[in-house]
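In structure tokens below, several structures.
Look at the two complexes coming up: chain A is in both, with chain B in one and chain C in the other.
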Partner chain A sequence: MDTRSGLRAWLVSPAVLVAFCICVALITVFQYSLRAYVPGSLDVGGLTLANFTGLNKPIYLDAFWNTLLLSAETTVLSLLVAYPLAYAMVRVRNRALKSFILIVSVTPLFLGEIVRTYSWIIVLGNNGFINTMLRKLGLIEWPLELMFTHLGVLVALVHVTIPVVVLMLATAISHIDRDYEKAAQSLGAGPIRTFLTVTLPLSMPGILASVTTAFAWTFSAFATPQMIGGGRVPTVSTLVYQLGFSSMNFPLAASLSVAGLALTAVALWGLGRMTRRLKAVGGH
Partner chain B sequence: MIQKILTAGVLSSVLLAGAVQAEDALVISTWGGSFRDLIDENIGKEFTRQTGVPVKYITGGTIDRLNKAKLASTPESDLTFTTSHIGWLYVNGGLFEQLDTSKLTNYSHLVDRAKISPYHIGSWAYVYTIGYRPDLVPSSITFNSWNDLWNPELKGKIASPDFDPSHIIDIAAILSGGDASTWEKGQDKLKALKPNFKAFYTNDANSQQLISTGETPVQILLSMNAYHMVGQGVPIKVVMPKEGAVLGVDSMGIMKGSKKVDLAYKFMDIALSPEVQSKIVAYKKASPVVDNAKVSSEDAALPGVFTTKEQWATQAIVIDDKLRAEKTAEWRKWFTENIMN
Partner chain C sequence: MKIRSSLPLPLRVAAPALVCLILAFVLLPVVVVTMASFNDKALLTFPPQTWSWRWFIRVFTYADFQHGFRASLIVMLWSSMIALVVGTGLAIAVKRMAFPGKDTLQAILLSPLVIPHFTLGLGLLILVAQFRVDRGYALVILCHVMLVLPFVLRSVYVSMENLDERLEQAAASLGASPLKVLLTVTIPLLAPGLFGGWLFAAIMSFSEFTASLFVTTQNTQTLPVAMYNYVREFADPTLAALSVVYIAVTASLLAFANYFLGLGRVLNIEDNH
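Moving on to the complex of A and B:
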């Protein structure tokens, strides 16, 4: 018993330490958000709520809306692309093909964020791969505006989110007992009906977990919206950076961070409420 | 057993030697990448050659380093390089030592614009100006004046830094009859430029990427950065508009509490020597901050490389550093709210 308690303490202590550090950081950010900005100084002034009341300007509301929209769109699109990939990866019997799908799916994770983002600039730019191909095919005369747009940021975010969703879904799908599917088929269900009535509901816990992760992951994305957006697609994280590190207005940056954190919590809570029933469907 | 003891002994010696070397080294806080190399190649190596003291570099972003310096109970570095207006934040925070200029041999040749405060002085200068790709803009377009940026033919072609809008804010104010202290006068003028902006770059690398791919063929950019790209084969033309270009001075200051103040002065002294300043101009196409540096005629002819008193007086648009340090947040906020979105 003593040995077990000791082992548990060893295992739990790093988590406690990390949690403590996160709490200290959050408290620091929170107290900064309630302090006045002093121009020309990094020191902050007295207590104030002005940082929060100033957040109702269109630019900040736009940033909140953009962030929510990008997170929701990225989550849905990633799920639509990742599910077939994860399904194929789990169910194909050919090991080489399985490995190929795995490599294709997770490669974006192994590229550095900056390298990956710069690659997208090359692909999406006026003289990039997509526009060049479309022009050569005679489909367009003038380049499509893909860089510094919501669409460009979305494409790049989906690309980086897919690996995470694939891995989570693959784990969920691999845990589905194939006997349920065989039972459905023995009762006359075709492959599509089996998938829709058995496989998909049973993979629901994985879908919900990946949706939650993808949403939160995208909400905090920084390098992609900053660089692909080129300052034209404001999100909460890019504004926090700009306010803090360009303007040195740490109190306003902190208040935006706190508001963003609260919005994430509310969004995830809402998502949890909406999907509670779906989660119950997948309980097996 | 003997082998283990020997291995441990050798390892300890190596670690101890490293620790002693780090202890002895003069520690310089600077930006990473090519700026660290610029300092090391041109000043650091000469310093070590003359004194035998190694130089250790702590690199990081401008604000990261300022934050770390503020939080440190004892200074992490002995000497810090930073932009002149951020240097004022070090000064206001009591982080820089007041300079004894009698210890700087070439101080009498320091140009006025490099005498920033009693606590920090310039190390080299540059301008933020118009740089463009002649191969990617209509041949009818010329840039004799900053006003030419407002040409409707440049719709969706311009990029400017997202981290510091002070240059274009000051220019808009000047073109509207004001200056940096009355910057509000230029607000409407700047709003009229909005359609011509395509993007706002995050850093020098991002600026290089956007202009080299032709994504933004016209930029308000750092002259040293533009010349670096020209050296890489990117056909960029750097312009000196008739109103002048916005001066930037990178500066150095000795950290209060440094235990190697004399060595830090020596480092500064070497940085300001005519020979080293000449090398900095040749290496980075910066402006020397002393008037007795030898500059090749090719480099002296480059827009934004100031070598004469007249150039400093007529071509440098100066934003007061203290005003800039105080106004940056306000300018940045206004720019984000009104121009970037």
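Moving on to the complex of A and C:
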């Protein structure tokens, strides 16, 4: 018994240490959000709520609104795009085709934000792929404004979010018992009706998990709004970076992060409530 | 076969077409960046008028990229190995033993999946600034351990689910100590899952950008941070060339993992029925 508890301590204590570091980092952010900013110094003054009341300015409210809107839009669009892909990946019978879809949809996940965002700059830029192609086809005379716009950031964010959503949906779809679908069909339901009334509701756990993840990931995206938005699509992440590095205003950056965390928590809580009802619809 | 043939004709054409369209969207930036990387001119134009390898040569000779590659390799190896050891230990303890605070501990360790990277990066940055500690490799590695640990945990959990506990019980009943059971039965049986978890952690660490931007200095600047700084200074296709190298290496690693490990099994997306 003694060796077992000794072993347990060895197995668990490194994880406790990492958890401790995560907590310390987060507590530091919380603590700084409540400290007065001393211009030109890394040291901070006494306790204050000024940082949070300071957030009540158009520039910060705008950033919050942009971030929320982008997260919501990205979540919905990436779900719509990723579902057919995940479905095909799980249900295609040809092994080579299955592997191809898997590699194509998963590889972007591991490329990191920089490579993916940079590639989108080349696609969206004034002399980029889309504008050149449209001009060559004679459809436009002047380049469309895609860089530094909400739409450009949104397209790139959807692309960034697809792989993880595909994976989560594929997990859910692969765990659906095919007998339910066969039963529906033997009772006379067509393929569309079978999909809408059996497959889709049964994949609801994956859809719900994807919604949460897609939302949280988009909320924390930095490179994409920073590089494609170029300062004209301010989000919480880009402002935190600006405040932290350009102005060295750690307290305000911290309070913006805390407000962002609070907003994420509220949004995820709201989604959780909404989805509990959806789960009931799914019959689970 | 029956299910497929019962699909109405428009749907039988439309469904594959839709999937192809989505795949094209996913692949579009990859194709475009590849074309751009062979463009001879320093300005991006489509399609390239003249072709050349010069940007690829610049990728391998540019000092910041060489240094960034080395830094990323150091951070990746340390953080993925530490995360693997920490994550495996915890996953085994969680699945096989009882201890107080189990759920809280797991919740904290999985939280970097939803907590923005910039928040964790900012926290660590403030912490070292507060205590006037120099930002070295240790800080970057610690940061990456926090960020990649959830992926290792997930991967080991999945493998533990598929592990027959009776094998461990058999070894124990034959007199093996808990440590011996762990080292000679549990860990060898988990090996493929552990490798998969380590690989994901390593790739994730290698391409992590946002938190790294906060915790690195000129000296510990990782490759993604060096790439970000490059775009801000230059507009030539060097970064496109580097992206192509990046994509090629990552895709072959994943194809390799798929061939030998069955990526579907590691990611838990095999069709079970």
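What we mean here is this: the second predicted complex is superposed on the first by the 262 of 284 C-alpha atoms of A that agree within 3 Å, B and C clash if a C-alpha of one lies under 4 Å from a C-alpha of the other, contacts with A are read in each partner's own complex, and residues count from 1 in each chain.
Here is the rule we go by: a residue touches a chain if its C-beta (ideal position, glycine included) is under 8 Å from a C-beta of that chain, and two chains touch if they have at least 3 such contacts.
The structure presented is a predicted model; accordingly, all values stated were derived computationally and were not measured.
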item: Clash or fit (per the criteria above) of chain B with chain C on chain A; value: clash
item: Chain B versus chain C as contact partner of A:227, first or second or both or neither; value: both
item: First, second, both or neither for A:167, with chain B first and chain C second; value: second
item: Touched partner set for A:207, first chain B, second chain C, both or neither; value: neither
item: First (chain B), second (chain C), both or neither touched by A:198; value: neither
item: Partner chain(s) touched by A:118 [first = chain B, second = chain C, both, neither]; value: both
item: Touching partner for A:153 - first (chain B), second (chain C), both, neither; value: neither
item: Which of chain B and chain C A:127 touches, first, second, both or neither; value: both
item: First (chain B), second (chain C), both or neither touched by A:57; value: first
item: Partner chain in contact with A:106 - chain B first, chain C second, else both or neither; value: second
item: Broader residue contact with chain A after superposition on the shared chain, chain B or chain C; value: C
item: Colliding region between chain C and chain B, picked from 4-12, 58-66, 94-102 or 328-336 after the shared-chain fit; value: 58-66
item: Contacts on chain A seen with chain B and repeated with chain C across the two complexes; value: 42, 118, 121-122, 125, 127-128, 227, 244
item: Residues of chain A touching chain B in the complex; value: 37, 39-43, 57-59, 62, 118, 121-122, 125-128, 147-148, 226-227, 230-232, 234, 239, 242-249, 252
item: In the complex with chain C, residue positions of chain A that touch it; value: 3-4, 7-8, 10-12, 14-16, 18-19, 21-26, 28-29, 32, 42, 81, 84-85, 88-91, 98-99, 101-108, 110-116, 118-123, 125, 127-129, 132-133, 159, 162, 167, 170-171, 174-179, 181, 185, 190-192, 212-213, 216, 219-220, 222-223, 227, 236-237, 240-241, 244, 250, 253-254, 257, 260-261, 264, 268
item: Chain C residues touching chain A - in the complex, by the definition given at the top; value: 3, 6-8, 11, 15-16, 18-19, 22-23, 25-30, 32-33, 36, 43-47, 85-87, 89-90, 92-93, 97, 99, 105, 108-109, 111-120, 122-127, 129-130, 142, 145-146, 149, 177-179, 182, 200, 203-204, 206-210, 213-214, 224, 227-228, 231, 239-240, 242-243, 246-247, 250-251, 254-255, 258, 263-264, 267-273
item: Sites on chain B touched by chain A in the complex; value: 61, 63-64, 66-67, 70, 88-89, 92-93, 159, 162-164, 198-202, 206, 209-210, 213-215, 322, 325-330, 332-333, 336-337, 340-341
